[in-house]
Amino acid sequence: MALLHLDHLSLRFGGLTAVNDVSVAVERGQIFAIIGPNGAGKTSVFNAITGLYPPSGGRVLIDGRTVRSPPGPADLARWSLAGIVTGVGTALAINANVLWDAAINRSAHLKPFPWSETWNAVAATATQGAWTTIPFVIGAAVGVGAAWNAWRSSRCTPDAVARAGVARTFQNIRLFRDLSALDNVLVGMDRHLHARGWHAALRLPRHCREERDARETAMRELEFVSLGTAANQSASSLPYGHQRRLEIARALATRPALLLLDEPAAGMNPAEATKLMELIKRIRDRGITVVLIEHHMKVVMGISDRIAVLHYGNKIAEGTPAEIRANPQVIEAYLGKEELG
Amino acid sequence: MSTWEIILQLLITGLANGLIIALIALGYTMVYGIVELINFAHGDVMMLGCFLALTVVGLLGGEVAAPWLAIGLMLLLVPPFCAALNWLIDRHVYRPLRNAPKLTVLVSAIGVSFVCVNLGMFWGGLPMEVFGGGSQAASAKSFPELIGYTNLLGENSAVLLTYKELMVAVITVPLMIALTWFVSRTRLGTAMRAVAQNPTAAQLMGIDTNRVVGLTFIIGGALAGVAAVTTALYTGSISFQMGYRNGLDAFTAAVLGGIGNLPGAVLGALCIGLARAVMEGWVPNGGQWSNTVVFSVLILVLVFRPTGILGSRVREKV
Amino acid sequence: MPPTPLSARLRMMTGAPLFLGVVALLPLLDLVLPDTWKFASLVPAIMAYAIVGLGLNIIAGFTGLLNLGSAAFMAIGAYTFAILTCPIYPFQIGFFPGLVAATVAGGAASLLLSLPTMRLRGDYVAIVTLGFGEIVQDVLKNLDAVTKGTQGLNPVATPALPGVTFTVGNYVPWFYLYLVVLIAAVWLCHNLRHSRLGRAWVAVREDELAARAMGLSTPRIKQLAFGIGSALCAAGGALFASLNGTSIEPGFYDFQQSVIILCIVIVGGMGNITGVLLGAFIMVGFNGIVLTKLTEMMARNGWTGDNVLAAPGNWKFMLYGIALILMMRLRPEGLLPAKGVQADMHHDDVGKLPPQGAR
């Protein structure tokens, strides 16, 4: 089964159709390229895969499944709990003065304080009909509605997709500028770390050990992309080419099954582009499937197993690099009459 | 009072207050739409306008025989004053920070607000009779009664509709219609909308964004000035702290309706006006919970519609 | 390459310990000052505010969430502490349990705020937190059976340590106890910042979209920021209440108070723990020490009058306002910015990374 399957994917923004009925299947271990002129919808396809925009038509299947899933019993339990808590909270809040008076103030001067009577007093006031029932019902309705709303908007979001094993880089580099290179990669590793906040706050051994191991692993990722010496420099101070590689290292740190690279060779000279090609091949050798958007034809033709060509949102061709190079439609729309690469 | 009469009264009070808040809210939402700034000082600019209005009335002799002269003079002087003040604040405090992070400008706005509040307190210490003789700088000042309390629906009517409410409607509604016409039909208005949507493209089309932003502040200020006069005449009391409360209501209204959205600001303001009228006029003990209700409504709306009632989603370019 | 070298770690650490070390010596300084210049008794209040500032620093400084209602959590902490320790109610659990309870209450109450604001844009978070502050004020005022409304709850528990008495007359035990609590808070914040959670907070502040793309669950991260930050704010509130012997009336915890706390974080340096400490000394010190001493001095020399312009206290807002405006123009990153923030704040230029996301 294909690792990534775009099944008649369409993406519409208002009156503009960015992606129109595109179907693509990417097998495990492939390096798959998506090319096309600017505005052809390539980054939109990435955005649809990573859950940024829900598809206007068709589906995105990762390992045969869509990331959207119907509500399960855990979700229903969560909504009910939310409803009960908000309901009880609202009822208590509306009646707080009365309840407090009955429970505490009335007997405050007594020593010892009659705690058992407190519960009876609260129960008696609480069962007084309208002033507790109506707030409870309204509060519960709001609680359930809000919980459902939160669930609905959190399905198939970028982090859900990332947790499903898809990582990406961005066309306009999106590093965490205030953090060092090492810290950027450590953020990528976050979902594989397990220490909780209080382990860290109290500097417990579990946290310290995990941090140490994580740093070693992050260093190895940086060395994999040849950035080992830049580990403690702040991300914003790195030269442009290094920043692109850092973004790749950060994405690799999430241990993805599928890596989406958005124009990784942009702005690179031929020597850097060759090094990038080797890097991408080494990534594939690690068992990661790579899909890349790229304009640099030497890179595309040099490493891709298969290429899909988009034009105004439509897929006009798909095949091996040799087939694409010879395809007359592609040549006319994008490559030009000259031989490139 | 029968149920219908109660409802009618609440509508009257709510709409009157809502319309005044709408004027201030429009200023907030226009400025936010164009420079993405919560102008915290906007409510305080209005407050200073109120103090100017009181000064004008005081100079004319307090309880005045010719109220129309006083009202006319106030409407002539206060809006330009507020407009100029607003423009000056933008020119010297906000414009230099046009490219700064949002928090920086926000804190500057809070700073301006503090300065205005202090100015209001000092202004209240003016040795004029309308200011209480200058000895009680910080206390609220009562505004002379220039418009009567005669019930337009007749002496025996349970529902109270006076010239005050009429005045509010007569002043605010035409202004809002004029603003809508200006924004949608004139060149300057279109330029404002262009800059709000895409400043770079607007500049490339030859629009001077600084002038357009300045114009937005001027219009917002003028609206606040009108709101100042209206509020002073309607509620009959001003205080140097009223800027915070009114500004907060107005900005909440703008967010409720969808920030940057002009009809949304008016809608939000009317909602808040009505909510407050219901809480203060009908619900027993409601006055003390008025703020809670307004903000709870806001939070609830934002939970289910994060961009406000009439708001539109802004797509982030990836 | 080995983990962060010891030299770098020491450099990260010296700011706060040095500052706190100097603070620890202040009572000694106070001993040699003439009576009218003594000020160390006003410092415990500053320390309580510093803890509140550390809380807001987690929310706004580390995570970049615009919280304009931090006074509300200070109030929640103060009132929880007061309700549980005031003799008019049967609980009377004592200072330290009360402090813990107040901290937990602050953290729990933050859910009321963080759950609705999870998906909101930055400016909307600002208005919602502002509104929350108003709601809390209303609630505290109106539920007067519980909170005694505008009277406030008093007296509240004073700390109880074996062999040490905490009275109004002698500030020294308060000074050193609060200093210990402050040191603990600083240590906790430092550890959190240099941990998985701290990195996640900064990532969310820098670029929320990229953080999500890395699999971070940003709503949970924001909730934790609000939770831990609000818990600290509440702890500071409880300490402040104990110091004053009363929960203070609800009207005290208003927007102006939230702005002062925000300024503590901003003026001192966003995201920098030592900066927050400095900010607390400046903001609260100015009001509590400078203005108070000035008014006392003017009263002593007979320079008072009826004129509203004569009392220094009346110029407070003007001075705050002008200081804020100037500060944002000249040094918006604060006096002691976190590293990296300074370059970011001053960037009008092209050539570096373009601005990302909604900043």
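Just so it is clear, A, B and C label the chains in written order, and each chain counts residues from 1 on its own.
Keep this in mind: contacts are C-beta pairs under 8 Å (C-beta built on N, C-alpha and C of every residue); 3 or more make two chains touch, one makes a residue touch a chain.
Since we're looking at a predicted model, the values are computed, not measured.
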{"item": "Innermost chain by mean C-alpha position", "value": "C"}
{"item": "Pair sharing more residue contacts (C-beta pairs) when A-C is set against A-B", "value": "A-C"}
{"item": "Whole-Å separation of chain centres (CA-atom averages), chain A against chain C", "value": "33"}
{"item": "Whole-Å gap between the CA centroids of chain A and chain B", "value": "42"}
{"item": "Residues of chain C whose C-beta touches two or more other chains", "value": "116, 119, 139, 142, 209, 344"}
{"item": "In chain B, residues with contacts to at least two other chains", "value": "303, 318"}
{"item": "Multi-chain contact sites of chain A, meaning residues that touch two or more partners", "value": "52, 146, 170"}
{"item": "Contact set on chain B toward chain A in their complex", "value": "300, 303-304, 315, 318"}
{"item": "Chain A - residues contacting chain C, complex", "value": "50, 52, 93, 96-98, 100-101, 104-105, 107-108, 113, 115, 146, 150, 153-154, 157-159, 162-163, 167-168, 170, 172-179, 183, 186-188, 190-191, 193, 195, 197, 200-203, 207, 210-212, 214-215, 219, 228-229, 231-232, 234, 236, 243, 250-251, 253-254"}
{"item": "Residue numbers on chain B that touch chain C, as the complex places them", "value": "32, 36, 38, 93, 96-97, 99-108, 110-119, 121-122, 124-125, 135, 137-138, 244, 248, 251-252, 255, 259, 288-289, 291-292, 294-296, 298-299, 302-303, 306, 316, 318"}
{"item": "Of all residues in chain C, those that touch chain B in their complex", "value": "60, 66, 116-117, 119-124, 126-128, 130-132, 134-135, 137-139, 141-142, 209, 255, 259, 262-263, 266, 270, 306-309, 314-318, 320-325, 327-329, 332, 344-345, 348, 357-359"}
{"item": "Residues of chain C defined as touching chain A within the complex", "value": "1, 3-4, 8, 88-90, 115-116, 118-119, 139, 142-146, 188, 191-192, 195-200, 202-203, 205-207, 209-219, 224, 228, 338-341, 343-344, 352-354, 356"}
